[in-house]
Amino acid sequence: MALPIYATPLERIWYYAYRVICALIFLFLIAPILIVIPLSFNAEPYFTFTQKMLSLDPMGYSLRWYDTLLTFGMQAPDVPRDASWWRDAWTNARWVGVAKNSVIVGVFSTIIATVLGTLSALGLSRPEMPFRRTIMAILISPMIVPIIITATGLFFFYSSIQIREWGVPYLGVVLAHATLGIPFVIITVTATLVGFDHSLTRAAASLGANPRTVFRKVILPLILPGMISGALFAFVTSFDEVVVVMFIAGPDEQTIPRQMWNGIRESISPAILAVATILVVISVLLLAAVELLRRRSERLRGL
Amino acid sequence: MKKLLVLTAALMAPAAHADVTFLGWGGAYGRAQTEAHLKPFTEATGIRTVMTDTDNPAAPVKAMVEANNVTANLVSLEQADVIRLCDEGLLEEIDPASLAPAPDGTPAADDFLPGALTDCGVATDVWATVFAYDDSRFPDAKPTTIADFFDLEKFPGKRGIRKGAKTTLEMALMADGVPASEVYDMLETPEGIDRAFAKLDTIKSEVVWWEAGAQPPQLLADGEVVMSTVYNGRIFAAAMNENKPFVTVWDGMQYEFEVYAIPKGAPDLDDAMQFLSWSTETQNLANLTKYISYGPTRKSTAAVKKTWEDGTTDMEAHLPTSPQNMTNSLETSFEFWVDYDSELNERFNAWLAS
Amino acid sequence: MEGRPLKQALARAQSRAKRRALLLVVPLLLFIVVTFVAPIGQMLLRSVHNDAFARNMPNVGAWFAENDGAPTEDAFAALVADLRLARENRTAGEVGTRINYELGGTRSLFTSGARGADDLEPPFATSLVEDDAKWADPQLWQVMRTASSAYTASFYLAALDLTRDGDGNIVRVPEGRAVYLALFAKTFALSALITAICLLLGYPVAHLLATLPLAKSNLLMILVLLPFWTSLLVRTTSWMVLLQEQGVINNTLVATGITDTRLPMIYNQTGTVIAMVHILLPFMILPLYSVMRPIRPHYVRAARSLGATSWTAFRRVYLPQTVPGIGAGALLVFILAVGYYITPALVGGASGQLISNLIAYHMQDSLNWSMAAALAAILLAAVLLLYWLYDRLIGIDNMKLG
């Protein structure tokens, strides 16, 4: 939208003002995310830029908060850092422990959400699907229903069926997070199936391919980008979820966001900002992955 | 996929369950309990421990037991909550005979301070709600009395107060000139309650409400408030460990017992009992003062020298039980709060929302 | 196939295809029903079911079942018997708590009543009332009568700031105790405000993205998507860093001399609104963008060439074409905002709390689970209504992510 030559002076002013306004809104979107990165290297226990930091004095910066992430919760953090120190950190450090939990819960709930979500997206995209609208509404509803209501319901439900007695660690949290991730998988996979030409599967079948081959050779390549980006969405949803964990997770099933919740309320140290920085880096990587997939999908479908 | 499963299996292996699962208050107090009790206990016995932070463990305990979903087997509670939960059958009963005797052989039942042992709990320390201010914000006159906390003209600026009726109403009455000995009699009357809320009304617009005990030192450090009610141990820890210019005002302080208890139907009951008896041994009880300035509850701890973790600061003067700190003080009445906790909190919340 | 009419064969093939499609969806549908629909349904049951009184006070319950009207000596005797029972079973607190939900200041009546019940002598109608005059209160008896049935609508009444008086009529609760209606109103008002601000900020950005060449807009789109992908807690933390009194923004304002007094921007409504706008803005921009992208610039140009000013061209030609995007974004943002919990809890202070926070309070602190369920049911009804509206107007199929 270049400025047309017939623009009046007022419109010219507006044209540039509009750009400035947009730039400010972009700043509003992105600045809060970037601001935590330099602050996480603060040598002082403050949430704001110190004089030394502003004058770019190396003394104003340090990695001490990242170090805290490792040492917090260790049995013996002050001994020399040999193999046993690292073993101690791996088994006892609080943040390491919650990171492990987050990964476990994230991976398993993503697998469940992706498999079930993809299957039903395939079903939903078939033209002969009955009650399509209603079923779709039910399957998407976990995204819409306020999380506090879901968490409350699950708290009572899991207590009443005594899920913790079943001997499967993380089961309650994994199932809950799978439920929350499913809408994302359905939405992204359905999107890749929009405009899917069902005569393709019929053509493959008439050429002698059995249903498995049809799925593997025709459908899967088309929906794979959608599946993966749906899976990434589901993973991020689980990785970022705190309310359900707060209500139903056992003491040994706490995740990164849950620990952050505690940390934010007693944030005497910028250690929380160090975690935030790491999470921002992870989200940048995930975003890059999803962008690449989206482009690939568009290319494949010839959009 | 296979790789993924192998990887997660490797991750899962060490994340086994702990045998003592402790519900604490987070922040400096949680750290003190971890350093003085949980870690040394694991070292001494090999029994694993895990600390979970909450704003106040009383609510999760009740929720756990009533929902029949008990995951923790040791909790740190305020005395009033212990009595109330015990009355409602939500805590395991504890036999004083199972506790360790004093070093000189005095049985635990005689060695603990009066009232420290109840049917369902063992008191571990005496703590106090005091108020503290940031010295750098008051270069001239400094607040010295509880009335100053409510004096917006002499000491302008935001105040932090715990979001709840307990200690807040008492403080309001004491600031309004009610002698400590008459506070609870007055709070049993509607007029007394109105008077407390009327006093709170005078500063309501300037109050930042906190919920977790770790918040007030943070609010002071961030300059979000100029003074705040705070648990005396937290503010002392912040002043010592973070070199903050925080000053504690002991006038109008309210003290009570902090208690270890076991939720009804807790898993690994034996481990929890062993922890309870180990952590309340004289020396281990006194060790808590190394990390938090709360007074131990056994008479025999008087003989133990109590120093801060820096190795030099003598702790006697900083404990709520020290006579010089108790000149104008109020012992929190658990009898009162057992009965009135829910109704006064309800009134408090309605007041807050209006 | 031979000999079967074509119509029948087609119908059979059709129904087989239908079954096959359904078969693909069934596993997930079952999963969602078990892990999501059933738990919420079970929870909602609590909003009308609470047997704390009925279960623990059998005698007085029996009296209520048989008699109407004011309590007699029999009723007081039954009550005292129940109080003794409650003392023995340690249930006085539970019973008192149940009655206290509806009539403030009565929990202590039951706990102390149970403690003294063993010493009471008949006639109990006098001795109990002598102990505490509150036992004669007709409203107390009215509340006990309703509580003696496990099923009750009282929690919905309470959630709407209503109560029953001594004669059983439904009346408003006294001024100082009304909490919920105002909070619902505040939740909806703040959500509307947040939606409006999101629209105000999102519209120009979406327009810019939609009109720039694809390569450039894809690059700028990253600035929208990164917040979308970043942890909610990270973003909330960032706002705490920025907004607090000694935070980055206040420090900058003071250092540059724009203000002397530091602005209170956090632990109040302002903090909630700012942080929530930031978190929900991508949900506004993305649907707007997907509607604006296909709009071709010819229409606006045609309008201009026919003599319309740029404002008129925008208002009469461009804006109407973007209405579906505005509807989709606004509804989505509003739905998400109404149920928000984390951000208000962390940056909202006392004044920036929403209805979700009160549900959490009743779940975790006051442990009035029936009340939490009743509030949750009302919130859920509102959200589902909006969701239905969304499906009607926009269609769930059209929901897009990134």
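Every chain is named by a letter (A, B and C) in the order it is written, and numbering of its residues begins at 1.
By our rule, a contact is a pair of C-beta atoms (placed from the backbone, for glycine too) under 8 Å apart; a residue touches a chain by one contact, two chains touch by 3 or more.
Note that the coordinates shown come from a computational prediction; the quantities given were computed from them, not determined experimentally.
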item	value
Chain whose Cα centroid lies at the greatest distance from that of chain A	B
Most centrally placed chain - per-chain CA mean versus overall CA mean	C
Chain centre separation (chain A, chain C; CA means) in Å	24
Centre distance in Å when chain B and chain C are each reduced to the mean of their C-alpha atoms	32
Inter-centroid spacing, chain B versus chain A (mean Cα positions, whole Å)	37
For chain B, residues contacting two or more additional chains	222
Touching two or more other chains - residues of chain C	244, 246-247, 363
Shared interface positions of chain A, touching two or more other chains	46-47, 155-156, 158, 160, 265, 267
Contacting residues of chain C [partner chain B, same complex]	89-94, 97, 100, 104-108, 111-112, 176-179, 182-183, 244-247, 262, 264, 266-267, 349-350, 361, 363-367
Of all residues in chain C, those that touch chain A in their complex	14, 17-18, 20-25, 27-29, 31-32, 35-44, 46, 201, 204-205, 208, 211-212, 218, 220, 222-227, 229-242, 244, 246-248, 251, 278, 281-282, 297, 304, 310, 335-336, 338-342, 346, 356, 359-360, 363, 369, 372-373, 376, 379-380, 383-384, 387-388, 391, 396-397, 399-402
Chain C-facing residues of chain B, complex	56, 59-60, 62-63, 66, 84, 87-89, 158, 163, 207-209, 222-224, 338-340, 342-343, 345-347, 349-354
Residues of chain A defined as touching chain B within the complex	45-47, 75, 90-91, 97, 100-101, 103-104, 107-108, 155-156, 158-160, 162, 164, 169, 250-252, 254, 262, 265-268
Contact footprint of chain C on chain A as seen in their complex	1, 4, 6-7, 11, 14, 18-19, 21-22, 25-26, 28-30, 32-33, 35-36, 39, 46-49, 112, 116-117, 119-120, 122-124, 126, 128-130, 133, 135-142, 144-150, 152-158, 160, 175-176, 178-179, 182, 184, 187-188, 190-191, 229, 233, 236, 239-240, 242-243, 247, 257, 260-261, 264-265, 267, 272-273, 276, 279-280, 283-284, 286-287, 290-291, 294
